[in-house]
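Multiple structures follow.
Across the two complexes that follow, chain A remains constant while its partner is chain B and subsequently chain C.
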Partner chain A sequence: MSAIAIGRLLRSNTSSCVIGCRVNQQNSPLFGEMLRIPLSNGLQIYGLVHEINIDDDGLVRQLVTAPEVSREVIEDNRQNRNMPVEMSVVFIGWERDGRVSHTRVPTPPLSLDEIFPCTASEILHFLEGGKFGYLRAILRNSELPAADLLTAHLRQVAAARQGAGADGVEAALREVIALLKDDYPVLMDVLSAVSEIQ
Partner chain B sequence: MTNSSSTLKADNAMNRPIGYVVGGGLKANLFVRLTIPADQVQEGGFVVLESGNWQFYGLVTDLQLGSSDPRYAELPNTPRLSALTSRLLAEQTLFTNLEVLPALMLERGPAPDAPDYADWTRAHQEENRSRPLPIKTVPAHHSVTRLASAGDVAEIFGEPGGANFIVGRTREQDHPVCIDLEKFVQRSSGIFGATGSGKSFLTRIILAGLIQHDAASILVLDMHNEYGFDDTASDTGMPVVGLKTKFPGKVRIVGLGRASTIRNKTPDLHLEINESDIHPEDIELLSRELNLRETTSATLDALVHTFGYEGWFTAFKNMKVGSVIENEDGKKVPAPDSVAYWANEAGANAMAAEGLRNKMNRVFNRPYVMERAGNDPAAPNSLNHIIDALKAGQHVILSFGDYESDLDYLLVSNLLTRKIRETWEELTNAFRSHGSNEPRPLVIAVEESHKLLNREMASQTSFSTIAREMRKYYVTLLIIDQRPSQIYDEVMSQLGTRVSGWLGDENDIAAVLSGLAGRDALRGMLARLQPKEEVLLLGWGVPMPILVRSRRYDQKFWEELQGRSAPRTATQNLKDLGF
Partner chain C sequence: MPLDYVSLQGQIRKYGESATLQKREFEQKFAACRDLFLRSANDIAGLQRLVEEAAARNKVLRCAAPVSESLDTHLPAPQAPSGRTIVAADGSQINPDSHGEVLFALVNTGIFTLQPGSGAAPRTETRSTLLFDDALQTPGGTVSEDLIALLRDVRERKLLAEVTKDSPAPVITLTDGPLELYHEPRTDRQFEEYFRDYLSALDDLCLNRIITAGYVDRPRADLLVRMLELLVPASAGEGQTRPFAGIPDRAIFQTLLKPGERSAVFALQSSAAASYTGNKALHFFYINCGSESRPALARVEILKWIAEDPIALNTLHATLVEQARLAGAAPYPYPLLRAHEVAVVRMDDREEIILMIERELAERGCPPASQSFKQQNKGFQDRKRI
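Up next is the complex of A and B:
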């Protein structure tokens, strides 16, 4: 289990949250990566990074127009700026007492709760709790970039499963097709994107 | 691997599900979503649908491609998608549905280890073993569907043996399909198929089965001399063994006309017809053939009135047309031996009578029509010989030899059949009234049936009477024809078992299916049968319609039928002796 937190919670509800990170964290999460948020009541929430925002501030805006910006100034700005890198995370399930559920989380995390990346074994453990039912939360949320998010997520799943000697993403693709087969344009969009990883 | 385990493995493979029910009904047929590749199921497949305590039996009548969205079917995805994605997409969005014509249902009850087994057994304790029933309800959604096993086929069509005669095998699984010969002869039947579809071979197979099982006496009106003696197949040139060769003691070949030969062989009996046996209705049957007028009936009636049923033909034959003499006044008047003289005496129309006399020359001149058979008053009547042989349980093949005209066929066939009808009616009435022996069933196999049973003829001939009424008198027809659309509807509707090979004409297909449930579903199947390989069994005589691969009429068939190898030839025997 990974023990290095990558950030802390800024705000949340039962379907998603926004976490804040320092810019130069070594293990900065990637778009589509699976994260976990352990809560103090024994619950653990799982989610996928679906957006990463780096906002500007007054100093950065001024530095951008400077003819030259030294390395030290850049590093100092990244290390010491007061504005965090914000990462939007969509929740895909939760776990309590070792039992995983791919449904909506019963309670959101609290401010400043730590967030950790999932290892390959944690990803496999989460997947074993269901049959990719959480995909409907992704696919039916029109505000999410479903095709790209799914592609990135399945790439991570494929890597985790191959490492475990299991099949790739066939079960996930079946669930995607089952969920979207009545929506031809969206399904073809998603499948075209997912085909990139095979 | 032993034979039994390989058979069991094959049977288990055959029992695997092929799909599940997704819709349909009793009127519109059932729809089954295939879960195996479509090329593993064919039209005509015999399938079983398992629903609760019931099993439903049906025939695949159509396969339809479908998709959850037409765009998935129209656009091949491979260039845009990976192979895995394309395959998974096709599996879930493209499908094949079977259309199944449901026919029968059978209550199986729950499995022995099911919780309700004990209750069900108690409720059905008094009943005999359940039998298949005509379909009355539908299986549930998602009922598992599989191809019929050997046990299923035997359950419906009977185990081979006894009266259950193997007529073919299921196409996918090669399970034997039987017809009940006892039931087959209870009603008139038909064997249909276009020219070259294997109809004659199929007829030989069924006739062989009937003779071997001795279910009835058979009279074959063999217009083309095909069934009696050995023949040669017209398309392959291979020898075709005749029924006489295989049943020498049971089958008698009758040739039409004195000194007739059939395929250079002498028949057992020569058929000659006494003039006294020809009745007016036999001539009326020939109206179209002889181009007779509407006045024919009146003229014939007058002849019978004058000369009697047994003498009118000879008397009319001996009359002359146009024969005149001079009377006392020097006027020319009809001579006493003229047609006109008789007509004037009898009050018939002279011109009509003369016209009939001229047209009947074709009948008068037939070599096999004798004033007396063999010109000998003491000579036996060969027509009666045939009747007696049939009554005694023998089988008669009447070969027409060199007499190939429609006139010969129509005259002789109808005359013979009329006498048969009269005889069997007498026998049946004697059986019912006086407790005499029950008449032996008789099947009359009629080739080129449309010549005798078309709409114009049917109402007049003995054949249509037999088809309509004679099963009560133990006489039925076996119609063999390539143009069933030309056979009178009323006759077709009386047919029990119908065995059909390939048919190309829409009207012929409609005729074979007339009066049968599910005919719309079966229509396309008849046009897509493989000629000489496949036949469709349907009608009253079979529990449900089924497509079979017909048996081959070959050495193996005879070995299976008669249970011994073929008799050795003289050449083989000499060879064994070292010559």
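Up next is the complex of A and C:
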């Protein structure tokens, strides 16, 4: 069965992108979820959702003042009007000819490229291709909610690994501790957030 | 400095003074007018006769004529029937620009279809027609903006007739503005041709029992007031000063109609309305789609068969109130609001079309002209709308 795209690319650079998708989609990605963007040149880019925005406009602001908003009006605004949910994605690596790299992507995806959610096997395939080198990019980017993003990501990683009978997230945590050994406050933030993972 | 603010300050003060005087005059006239309205509210036959006689004397008489309900009728919104389909249409256009790079016009029509209570997402549709070459020429030269606007209105009506022809009843079609295309008859051949198409679309809508209405928000019409003026002997003749000039019908209905209520239905007496014959004869009523704190008066133009069919009239009344309330703080039928949003052509759409035409011409070895020097010199400031 072929994968279903969850949205298309709005804008990008070599470290991140913003994608748009419809509000009502059942399979809308969650915060921290891993996505992949296959490019036409054979490259595949991996990323994590780190922000989700839903914009308003004049009509929506007016409609909220109505005593009741009918189901049809809600569906109209969600499905027909030009207001996609915008999701910001930070790139964590890329793949070409089956070889994965946890480094900055060589070329950004293009407008309207399709975006797919990663399956458990795709997550494992990506992790096996490196040694969590992408964690550095996440932890050192002051514009990202590093602790929360890492927690959400590691929760997905743990689920994928456990489903495959593999270890949990210890290796990732060791890498986090190594990267943050000189930044105790941030390390405690991250470990405290990550401790929520079962 | 874009404006002479010093001189404007004095003129604005005079405007304010004049408004104060007019307000006082308005209040006096309005009291007399409303008094006459209430006194003659039940004299339906007498008023009908009066309008008939005045129309025989004055061929350009334009006013309301009572049908069967007393003038001061005010009826609450009935329960809306289930299983309705509402189809709204709106149009916008790009007029030909003789100073532009390429000569073309465009008519864009937006259709919005909603089934209240279905829970389903409404459908939106856009139809765009490019006009070029012969379509832009008339015996008098390049086609006028009036004619493009007429074509836009005709397209709206024809599309409504087309998309509703197989829909199960009840179907309500809404457009913004009156059903009557223009107040004075036009004699130009092309106008006549388009007008025939418009009437034919209205015939189709009548035939299929489609409840067709034109919604006029904040109406300025004084059709009822002009009818009342016929009761004032001194003003009955042509060339006489109008005793209630400046009073719109809505001033009367604003004091009469509670939220959700409609007025009596009136026939439209006018020379242009005479073209709308049989079941198409134009009628109208006023409606208050607002709330206690914020009345929203509108005039609704309908066809004769709807005026004579209480079920169709009630369906329309209930639908307009229900749909206007969906729009929240600014009551206006939601389907019309969305049809406009779907249809509107923006400045960047216009520029995109020009680019597409230029590319096509260039590929065929016909490089387009540049803008006129006048247009180039006027184009230094960004324009946001057409």
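General observations
Here, the second predicted complex is superposed on the first by the 196 of 198 C-alpha atoms of A that agree within 3 Å, B and C clash if a C-alpha of one lies under 4 Å from a C-alpha of the other, contacts with A are read in each partner's own complex, and residues count from 1 in each chain.
Following the convention adopted for this analysis, a contact is a pair of C-beta atoms (placed from the backbone, for glycine too) under 8 Å apart; a residue touches a chain by one contact, two chains touch by 3 or more.
This structure is a prediction, so every number in the text was calculated from the model and none was measured.
Superposition of the two structures on chain A leaves chain B and chain C fitting side by side, clash-free. By the touch criterion stated above, A:N80 is placed in contact with chain C alone, chain B being left untouched.
Of the two partner chains, neither chain B nor chain C is touched by A:E143. Using the contact criterion defined above for the overlaid structures, shared-chain residue A:E72 touches chain C, although it does not reach chain B. Of the two partner chains, chain C is the only one that A:V64 touches; chain B does not reach it. Our angle of interest has its tip at the CA centre of chain A and reaches the CA centres of chain B and chain C; in the overlay it is 160°, to the nearest 10.
Shared-chain residue A:R174: touches chain B; no touch with chain C.
Looking at the shared chain after the overlay, A:D56 reaches neither chain B nor chain C.
When the two complexes are laid on top of each other via chain A, the two nearest Cα atoms from chain B and chain C are 47 angstrom apart.
If you check the complex, the residues on chain C that touch chain A are 114-122, 124, 325-330, 334, 337-338, 341.
Per the touch definition, chain A reaches chain C in the complex via residues 59, 62-67, 69-73, 75-76, 78-81.
By the touch criterion stated above, chain B contacts chain A in their complex at residues 68-69, 71-72, 77, 80-85, 88-89, 92-93.
Those residues of chain A that touch chain B in the shared complex are 168, 170, 173-174, 177-178, 181-182, 184, 188, 191-192, 194-195, 198.
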